[in-house]
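The next part holds the structures, each set out as C-alpha cells.
Shared between the two complexes below is chain A, which has chain B as its partner in the first and chain C in the second.
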Partner chain A sequence: MNSIDTKTIRMGGLAPTGVVLGGLVGLGGIAASIALGADESGWTNFWKSYIFAFMVITGISLGGLFFVMLQHITRAGWSVVVRRLSEGFASNLRWLWIAFVPVIILVWSGEGAVLYPWADPVVVQNDPVLLKKAGYLDPTFWSIRAICFLFIWAALAQFFVGQSIRQDSDGDVSRTRRMQAAAPVGILLYGISQTFAGIDWVMTLEPTWFSTMFGVYWFAVSLTGFFSCLILLACFLQSAGRLKGAISKDHYQDMGKLLFAFGVVFWAYIGYSQFMLIWYANIPIETGWFLPRQMGPWKWVSLLLILGHFALPFVLLVSRWPKRWKNALAAIALWMVLMMIVDVYWLVMPTMSAKAVHDATNLMELVDAVDAGTLSVGWNLTVTNFTALVGMLGLLVAGTCAGLWRCSLVPAADPRLDESLAFENL
Partner chain B sequence: MTTLPVDKTTVEHTSGRSPLVLNHTSFGTVTSEICRVNEAKKPPFAWYATMAISSCLALMLGLLIGYLIITGVGVWGNNNPVMWGFPIVNFVFWVGIGHAGTLISAILFLFRQKWRTSINRFAEAMTIFAVICAGTFPGIHIGRVWLAYWLFPIPNQMSMWPQFRSPLLWDVFAVGTYFTVSLVFWYIGMVPDLATLRDRATNKIKAVSYGIFALGWRGSMRHWHRYERAYLLLAALATPLVLSVHSVVSFDFAVAQLPGWHTTIFPPYFVAGAIFSGFAMVLTLAIPARELWGLKNFITLRHMENMAKIILLTGTMVGYAYSMEFFMAWYSGEVYEQFAFINRAFGQYAWAYWIMVSCNVVTPQIFWFKWCRRNIWVLFSASLLVNIGMWFERFVIAVTSLANDFLPSSWGWFEPTWVDILTFLGSFGLFMTLFLLFIRYLPILAIAEIKGVMPEANPHAGHDHDHDHEEVKS
Partner chain C sequence: MTTSPVQADARPDAMVVDDMNPDTGTSQLWGLAAEFSTPAAIMEAAKKVHAAGYRWWDCHTPFPVHGLDFAMGIKYTILPIIVFFGGLTGTCLALLLQVFTNSLELNIWAIVPVVGYQFEVSGKPLISLPAFIPVIFEVTVLFSALTTVGGMLFLNKLPCLYHPVLKSPKLKRATDDRFYLVIESRDPKFVRPRTEELLESLKPDALIELEA
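The block that comes next holds the complex of A and B.
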C-alpha cells in the first residue's frame, strides 16, 4: 500500500500565489476584454467572447461536481485520493454565478439582442418560428431559469464540498453516508439543470435551430474539460512536491481511461450521431446550424476537432503505457483542454444570416459568397476572444486554489482512503 | 460456516466491503453448489413444466413461419402506411433485451464492478438467445426467405449489391458482429467451467462432450494467463459494440424524415432503453432461477438491489429522452413534429403511449425506496412491467409515426393479426427453450470468476493483521 507523506497534503504557499496571480490575470483579462470589446458592430464581440470563456470554465467546474457525485453514488474506492481535487473544481460553482450576473442583467434589461437574437422583440415579431417559441425564449423566464440553474449548482457544490471538508476535521463517517444518500438526487438535479443551461445559454445563440442531443453533447464537452484539468492539476501538484505517495501511476491510468472514455470516445459518439442524423435527413431547419461550420475557416476548425479531439487522442490514449507515464498523460491532457476550448468556440461563434441562406438557390452560391468574403460565417478571431478566455481561466485557477487553500488535498478522514491508497490497476 | 444476518452481508458499509458470496468459506463448496444444477439427476418440476410450454410455443413459431413463407407477408397486419408492424417492433424489443449481457460482462468488468460475476454468465446466455430471436424477424420479413443471403454483400455475377446507404444493411453488420463477439465472449469465459464439469463428469458421454468444448483446459498458469488476457481484450472489443448495436438500430428510424423518428437523441436513448429492458429481463429470469436452484448464496439481495438501481437509472434516462423529445417538438416550432407527439399522447394510440410511460418512467421510480429494491415480489412485478413497457415503446415509435404522417389522406390504422401475435408469443417459446436447455446443460454461474471475488482469493486472506491469532481460521 502507498502511504501519504502527510507533510505534503496541503497546498501551502501555492494557494495564495494561485489566488493572487489567477485573480490578477482574471480581472486583468476581463478588464482588457471590456476595453477592447467594442468594435464597429457594437458589443457583440465582447459578449460572445465572454459567454464563450464563461462556458469553458463552467463546463470544467460542472464536470467536477458530476464526478464528485458519481463517486458517492457508486461508493467508489479507487478515486478517494483525487476526489478533493475534483471538489476543488466543483467549488468554483459557489461563486461562478457572479460571473453570469452581467449576462442576466443584459438579457433582463432588454439589451440581450447583442448576444441572443431572440431577445430583440422586433426580430421575434417578424419571424413566425421565433414567435411560436417566444414563451420559452422570454428574457424574464430565461433569467429566472438561469438563476435556478446557478442556485442548484452552488447549493450542490456547497453541500458536497462542505461535507467532505468538514469530515477532515471531525472524522464523522455519517457524512459519507449523508453524501451517498444525497448523490442520486444531486445527479438528477444536475442532469436537468446542465442540459437546460446548455440549451439556454449556447443552443439559443442560434434560436431557430434545435437538437434533442444538445444537452448530452454539452455534458460530453464538460467532462472532456474536467478530466483533462483533473489530470493537469494532479500532475502539477505532484511536481510541486505535493501529494507525495498519494496519487500513483494506477490512479493516473484510471483518470486517463476516463478521459479516453468520455472525452474522446463518448464525445465522438455523441457528436457523430448528432451530425450524421442531421446530414442524412437533410432538413433545412436543422442543417442550417452546420452550414457555417463547414464553410470558410470553420471547415478547418471542424476538421481539427475530428482529428484533434478524436483521432489523435484515440491513438495516444488507447494503450496502457501513456496513461501510466505521467508526463505523457499531462501533455495529452493539456492538448485535450485546448481541444475542449476549441470545441466551445466552435459551438458559440459561428453564425450565418438566415436571409442569405433563404435567398441562395444552391449550396455553392453560399460557399462562393463565403470564400469571396461577402457573406459572414461569424469567423472573427479577435484579441478579445483571448483576453476573455485567459481572464476566465485565471479566475478558474484563483477559485480552485481558494477552494483548496485551507483544506487537506486528500479527504483525510474518508473511510475508503486506505482502499484508494492500496489501489492497483491490474 | 457462519450465517450472518442478511443486512450485515449484503449492504455496502462505509467500514469496508461486504462479501459477495454468502455462507461459503472454501472454493470446493462453491463448485459443488453450482455444479449441482447440472449434476442433479432431475431438474425441478418447474423446469419440465416451463420446458413443455416453451417448446410447444417454439414449435408454433416454426409452424407459423412455415405458414408465412407458404402464404406471404399478407398474413401479417402490416399495411400501407404501416409497412413496419410487429416484425420491427419485435426485432428491436429482442435486440434491446440482448444488451444487458454484454453490458454486464464487458462494461461492468471494465468498471471493476465485481458483483457482476454472479449474474454475467446467464445474462450473456440470455443475450445470445435474445439476439437469435431478434434476428429471426428481419429474416422472415424480407418476404422471399430463400433470398435472405442477399442481405450480405456477396460478390455475384448479377452485380447485385445491397444498398450501402441503408441503415437496414448497417443492422446486418451491427447485429452480426454483436452476435459473433457475444458468442465468443460467452464461450471463452465458459472454458474453465466446462473443464470443471468435464472433470466432475460421472459418465463417459458427459466427460467427452464437456471435454471437447473445454479445449483441453488444464488450469495451468499459462492457460490462466492467456485466458485473462483474452477476456480483457474481448471486454474492450465488446464495449463499443454495446453502444453501436442499438445506435445502429436507432438509425433505422432516425435517418428518416418522419416526425417522431427523426431526432438526434435517438442513439443514446435507444442504448439506455436497451440496457433498461435487458436488466429487467435478467431480473425476470434470475428471480425464479435463484429460488428453484437454490442460488441465493451467489445471487444475493445485494445483486438484486444493484440491478434495481441500474433499472432506476436507465429508466430515468429513458424518461429524460421522452421529455426531451416532447420539449424539442414544441420548441422546434415545426407543426408536424408537434403533431406527432400530441398524437402519440392523445391520438388513437394514446393507450399504448401511456402504458409505455407508466411502465418505463413511473414504475422504476419505486426503486428510490430501499424496501422496494429488496422485496422479491416487487422486483419481479416491476421487471415484468418494464418488459411490457419497453415492448410498447417500440410499438409507439414504429406504429404511431407511420400511421399518422404528414398527409391526413395517407393516414391509416394498424392492427395485428392472429399470426402477428402468435409469432411474437412463439419467439418467447424459442427464447425460453434455449434458456432452459442452457440452465440444464451448461454452468449457469461463472464458477471460476465467483471464486476470484471471494475474500479467500486474496493472497493475504486469512493473514493475521493484528497478530492476535483471532482472524486466522483453518
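The block that comes next holds the complex of A and C.
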C-alpha cells in the first residue's frame, strides 16, 4: 500500500502563481480578441472564436463534474486520490456562467445573428425549415435554457466540490452518503443539460442541420478534453513535488484506460455512427453539414481527426505499458488535448453559403468553386482564434488553481482513501 | 471435489511426510506441497523459492493474492499481443470479404467465372469504405474475443482433465482458507532432501507429499 507524504498534499505557492498568471493571460487574451476581433465582415470572427474557446474549457470542466458524479454513483474506491483534481476542474463551473453572459446579452440584444443565423427574424421568415424550428430557436426560450444549464452546473459543482472539501476538515462520513444519494439525480440533470447545451450552443450554429447524435458527440469531446487534462494535471503536480506517494502507476493506468475508452474509442464510435447514417441516407438537409467539412482545407482537418484523434492514439494507448509510463502518458494526453481543441474548432468554424449549395447543379460545381476560392467554407484561421483560445485556457488554469488553492489535493477524510491508496491493477 | 475439507482430513490415508516411507510407496512422488495459513507467509515463501532458482512450481490460493505473480517471478502474459494480431486478422478478413463479395469480377484460369454481388446502393461506389466499417468492426471484435478465450486456454494448457494437486484431499483447503506452495519433482533442481529442507526453512504449517 502506498502512503501519502502529507507535506506534499497542498498546492502551496503554485496556486497563487497559477491564478495570477492564468488570470493575466486570460484577461489579456480576451482583451486582445476584442481588439483584433472585428474585421471587414463584422464581429462574426470574434464571436465564433469566443464560442469555440468557451466550449473547449466548458467541455473540460463539465467532464470533471461528470467524473466526480460517476465515482459517487459507482462508489468507486480506486479514484479517490484523483477525485479532488477533477473537483478542481468541476469547480470552474461555479464561475463559467460569467463567461457566457456576453453571448446571452448578444442574443437578447437582437444582434445575435453575427453568431447564430436563427437569431435574425428575416432569415427565419425566408427559410421554411427555420420557420418550423422558430418555437425552439427563439432568443428568449434559448436564453432561458442557457441560464438553466449554467445554473444546474454551477449548483452541482457547488454541492459536490463543497461537500467534499468540507469533509476534509470535519471527516463526516455522512457527506459521502449524501453525495452518493445526490449523484444519480445530478448525473441525470447533467446528461440532459450538457446534451442540450451542445445542441443549443454548437449545433445551432448551422440551424437548418440536425443530428440526434450530436449531444453524445459533444459528451465524447468533453470527456476527451477532461481525461487528458486530468492526466496532465496529475503529472504536473507530481513533477512539481506534490502528491508524493498518492498517485501510483496503477492510477495512471486507469486514467489512461478512461482516456482510451472515452476519448479514443467512444469518440470514434459516436463520430462514425453520426457520419455513417447521414452518408448512407444522403439527404441534402443532413449532408449539408459535412459538405464544407470535406472540402478545401477542412478535408485535411477531418483526416487529421480520424488519424490523430483515433488511429494514432489507439495504437499508442492500447498496450499496458504506455499507460503506466508517466511521461509517455503525459505526452499522449497533451496530444489528445490538442486534438480535442481541433475537434471543437472543426465543429464550430466551417460554414457554407446555403444559397450556393441551393444554386449548384452538382457537387463538382461546389468543389470547383471552393478550389477556385470563389466559395467560402469558413476556413479563416485568424489571430483572434488563438488569442481567444489562449485566453480561455488561461482562465481555466486560473480557475482550477483557485479551486484547489485552499484545500488538500486529496480528499484526506474520504472513507475510501485507504482503498484507493492500496489500489492495484491485476 | 464434493468432499468438504473436514471429511478429507478425517480420511486415514491422508499423506504426510512423517508417516510415509518413500521406499515402500507404490506410487511415484509428483511433488512436495508446503501449507501456509496467511497470504503474507506464502508471499515470503514464493520469493525464497524463486530466489532458490526453481522453475516447475506453483502457488494455490483461495483468492488472487496481489503481488504473488511478481514474487514468483512470473512474466506478464503475452496474450494481449496474440489478441492484437487476432483482431488484425479479423479486420483484414472482413475487409477482404466485403470487397470480394461486393465488387469481385475475375476469371480463375480463364475458365471459372467468379462474380460478386455487385449491388449499387444509393449511387455509392461498389467499394465504399464507410459502409464496410460496421462489419469490419464486428468481425474484429469477434476475432479478438475468440483469440482471447482460445489463447487463454492454450497458454494455461487448458482444458486440464487431471492434475495431481487435485488428487490430494489435503490440498482441497486451497479453495477455502489455506495457501499451498507446490514444487514438482520434475524440476531440475528438485533433490528430495534439499527441497524438503528448503520448504521446512519456510516454516510451513505442514509439508505434504503429492503422488502422480
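Criterion: the second predicted complex is superposed on the first by the 426 of 426 C-alpha atoms of A that agree within 3 Å, B and C clash if a C-alpha of one lies under 4 Å from a C-alpha of the other, contacts with A are read in each partner's own complex, and residues count from 1 in each chain.
Assume contacts are C-beta pairs under 8 Å (C-beta built on N, C-alpha and C of every residue); 3 or more make two chains touch, one makes a residue touch a chain.
Bear in mind the structure is a predicted one, so any value in this text is a computation, not a measurement.
Trainee: With the two structures overlaid on chain A, would chain B and chain C clash, or do they fit side by side?
Mentor: Chain B/chain C on chain A - steric clash.
Trainee: Could you look at A:G191 and tell me whether it touches chain B, chain C, both or neither (first, second, both, neither)?
Mentor: first
Trainee: Answer with first, second, both or neither: which of chain B and chain C does A:T212 touch in the superposed model?
Mentor: Touch status of A:T212: first partner only.
Trainee: Is A:E424 touching anything from chain B or chain C once the two structures are fitted on A? First, second, both or neither.
Mentor: second
Trainee: Could you let me know whether more residues of chain A are touched by chain B or by chain C?
Mentor: B
Trainee: Counting only touches as set out at the top, which of chain B and chain C does A:S319 meet: first, second, both, neither?
Mentor: second
Trainee: Could you tell me if A:G28 is touching chain B, chain C, both of them or neither one (first, second, both, neither)?
Mentor: neither
Trainee: Per the contact definition in the header, classify A:Y280: touching chain B only (first), chain C only (second), both, or neither.
Mentor: Both partners, chain B and chain C.
Trainee: Hey, what residues of chain A end up touching chain B and chain C alike?
Mentor: Residues 276, 280 of chain A touch both chain B and chain C.
Trainee: Could you please specify the touching residues of chain A with respect to chain C in the complex?
Mentor: It comes out as residues 272, 275-276, 279-280, 282, 318-320, 424, 426.
Trainee: Which bits of chain C are touching chain A when the two form their complex?
Mentor: Its residues touching chain A are 64, 66-67, 76, 80, 84, 122-123, 130-131, 133-134.
Trainee: Touching residues of chain A toward chain B in the complex: what are they?
Mentor: Residue positions touching the partner: 75, 77-78, 128-130, 132-133, 136, 173, 176-177, 184, 188, 191, 195, 208, 210-216, 265, 269-270, 273-274, 276-278, 280-281, 283, 285, 415-416, 419.
Trainee: Tell me, which parts of chain B touch chain A in their complex?
Mentor: These residues of chain B touch chain A: 12, 14-15, 17, 112, 240, 243, 247, 251, 254-257, 262-268, 316, 320-321, 324-325, 328, 330-334, 368.
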